[in-house]
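Common to both upcoming complexes is chain A, partnered first by chain B, then by chain C.
Our next item is the complex of A and B:
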């Protein structure tokens, strides 16, 4: 039987955990999008060693478990002389993971712009940067948006792994209370609902953006 | 002749008294456990000397040996205990969700836990201690004011520390290994855990030492799901039998090398706790 009064009493703690989840996720989303843009630019650049470097990085992150990456950043980097706090270890691990998927999304978006369009721009006399900014970017962004949103949602959900390094985020709060008060169903149900609510808000905003971008220019 | 006969009888009686109690002398197991054919027991795999992971990955330690012995009392051989590793945070959910039948995993007995599970009689008591780097300025617990201490999630000492040491910050990680790793990397002033564990770790790591002043006198019991009186009676009888067989005196020396630590451990396992 679910003890609703217990859940209600746990709300302040859960909200503090949610606050940390949102902060760490927001920073990771921001840094990973920046990393994604830079990584994608390097990946498609004509300078082959840079492209290979990014390709290797993508394969490394995609090919290793996320939890191992979190432990690597928290426990491994200090051995290499870089000791980050729990909070920044979490932000860095989450950003590194998410940036890889953004790089691939953006690259897929770019590759969806056909060479014919480049020729069309040239025949219209558009300069190179005009072509990039006003033609390639709008098309590529639209193609990349669904998978980018997917990665953003996964970033929020994957922040739960950071409880393993002691970051007091939403899942940590739940697991910590369970360790003392043993109300597993109440706590896991609560955090499932909270994560779902956050993800639904982010997804709704994302879908609105998608619909907005789907409208023709003339309609705006 | 009569004297010889009397002596022989006395020897026989003494021999019988010292002999292990046969399975039928224990209270009956619940029908569900009998049917299952094994007792599923959760033990620690990261807390030497109580329970640790052996070279081949199987659990070893004092509580692990206890669990095997209880399995033997129940089903005639140590295979009667099906052991699985549990962490501090997972042990009670594992019990209450029916994955295991007993928790024999450094489980401290205190009121919040007694609301959700039942405890057997106490089988061990002891204080906890803090492990610090050898060059740490910390000499006593009061030196930890304002510092960060590492502990495993669900560790029972957190409340004591927060109530007794001003401005202490707790960094909670999943396992003892994680905690020691973080301590060696200088992420916190110390690591807190059960005394036996802390002294064993200090013996294993030259870079670490124990703060002698103990904290949070705790008592450990075997955890059972609520309202399982038959299993409770069996477990308590098994614990009595372990003491009667002088089981602890033998097994502690197998897992604890330091004589002083072995003495403390033996006292914790064989004597009644001081003031409750």
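Our next item is the complex of A and C:
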């Protein structure tokens, strides 16, 4: 029933698509992590208007469909004077979406560091940035890690939305072939397996990292 | 703006479709989630294993792929219902898998001792579930579940990809028509307005959800409810809460 030879013949195309998926996801993960750090810093900053601005941005992105955001960036921004290619529209939309979840998980991580720890470092005479870098960051990073990993995996999965604006990534390749050759079972089976494999690899690496970071707490 | 006013009837009919679809996927998601969690809790190993595999695989496949797959594959097994229902089915399956994850973790958060005590009082499984376990699990389940509900409502916008005439598709048609007939693309205006409509809709769901959460949190004191919040956040971190 399943034509394996057809799948085999489609492998080069699918791999090119996978390459694009991975490149877009990688760039978006990178930019969204940077955006998450900056956004989180602004969110917890004492300057209230900035904090509110970031809070509003987070609420807005979380409260709207990602697909409409993608269309807004690709079709809407050119009439406002910002013309991006398909690729960069995708990277921008994906980064904007993911950064919101990073901001929230970093903020939750920071709030897991109790006030007593701040007093403890102050009494040890640590400088502010020493306190931030060597005390707060390791604690906050551990507690933010699970949700950050979840967002990273979601970023890879959500790169599939970009086929809607014509980015030639994995899903686009499959749908494009189906449109010409009608082998939907073969194509969907292949891309599902590929997506599953990618997600499993990334989440396994993530769990390794979690365990590695948990080592100081082992046995507690 | 005058463009939106001119085509208000057309856009409103798209919005009604979105609302209808939202209602269907909210109910469908809950139904699939309950079914899957029943499979997970099953005494038969084969059934619970199958349920576990289904939940994991469905959560790992991108929603976009799921929607396209259901749209292309359902007709092959003789179930061609058109884009509206195929999108509803796809989103319900995806949401149901995420919902099952939430329900499982929520039920798990109620200690075994509670069930044993219920058994000691001669409570049957149904009575135990509805009178003992669920009231305690609800405050943990609700926050991530409300987020999931907003996610499936947002996911209805995927109807546009396979041609179900909901709000986003209506917007696309409007943009195409205007660009052809008048020149100049109103895309930023139309998509911007659709973003605002969805934002209001999802805020409304979150608002109602927050009231519901407060209702179930009533019996708990501040320190206990902080623990419940932490547990709910932990669960929320394992599912996708936006689409």
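What to note about this one:
Keep in mind that, in the parts below, the second predicted complex is superposed on the first by the 216 of 220 C-alpha atoms of A that agree within 3 Å, B and C clash if a C-alpha of one lies under 4 Å from a C-alpha of the other, contacts with A are read in each partner's own complex, and residues count from 1 in each chain.
Definition applied: contacts are C-beta pairs under 8 Å (C-beta built on N, C-alpha and C of every residue); 3 or more make two chains touch, one makes a residue touch a chain.
Quick caveat: nothing in here was measured; it's all calculated off a predicted structure.
Using the contact criterion defined above for the overlaid structures, shared-chain residue A:184 touches chain B and also reaches chain C. Applying the stated contact rule after C-alpha superposition, one finds that A:176 touches chain B and leaves chain C untouched. After overlaying the two complexes on the shared chain, residue contacts for A:86 are found with chain B alone; chain C is out of touch. In the superposition on chain A, A:158 makes contact with chain C only, not with chain B.
By the document's definition of touching, neither partner reaches A:106: not chain B, not chain C.
Once chain A of one complex is fitted onto chain A of the other, the partner contacts of A:75 extend to both chain B and chain C. Applying the stated contact rule after C-alpha superposition, one finds that A:67 touches chain C and leaves chain B untouched. Within the superposed three-chain model, A:192 lies in touch with chain C and out of touch with chain B [touch as defined at top]. For chain A, the partner with contacts to more residues, out of chain B and chain C, is C.
By the document's definition of touching, neither partner reaches A:57: not chain B, not chain C.
On chain A, the patch touched by chain B and the patch touched by chain C overlap at residues 75, 78-79, 164, 175, 178, 184. Those residues of chain B lying in contact with chain A across their complex are 88-89, 92-93, 96-97, 112-113, 115-117, 153-154, 171-174, 178, 181-182, 185-187. By the touch criterion given at the top, residues 57, 60-65, 68-69, 72-73, 76, 150, 154-158, 160-161, 168, 172, 175, 184-189, 191-192, 194-195, 198-199, 202-203, 206, 233-234, 237-243 of chain C touch chain A in their complex.
Across the interface of their complex, chain C is touched by residues 59-69, 71-72, 75-80, 97, 101, 105, 108, 146-147, 150, 154, 157-161, 163-164, 171, 175, 178, 184-185, 188, 191-192, 195-196, 199-200 of chain A. By the touch rule above, chain A contacts chain B in their complex via residues 75, 78-79, 83, 86, 164-166, 172, 175-176, 178-182, 184.
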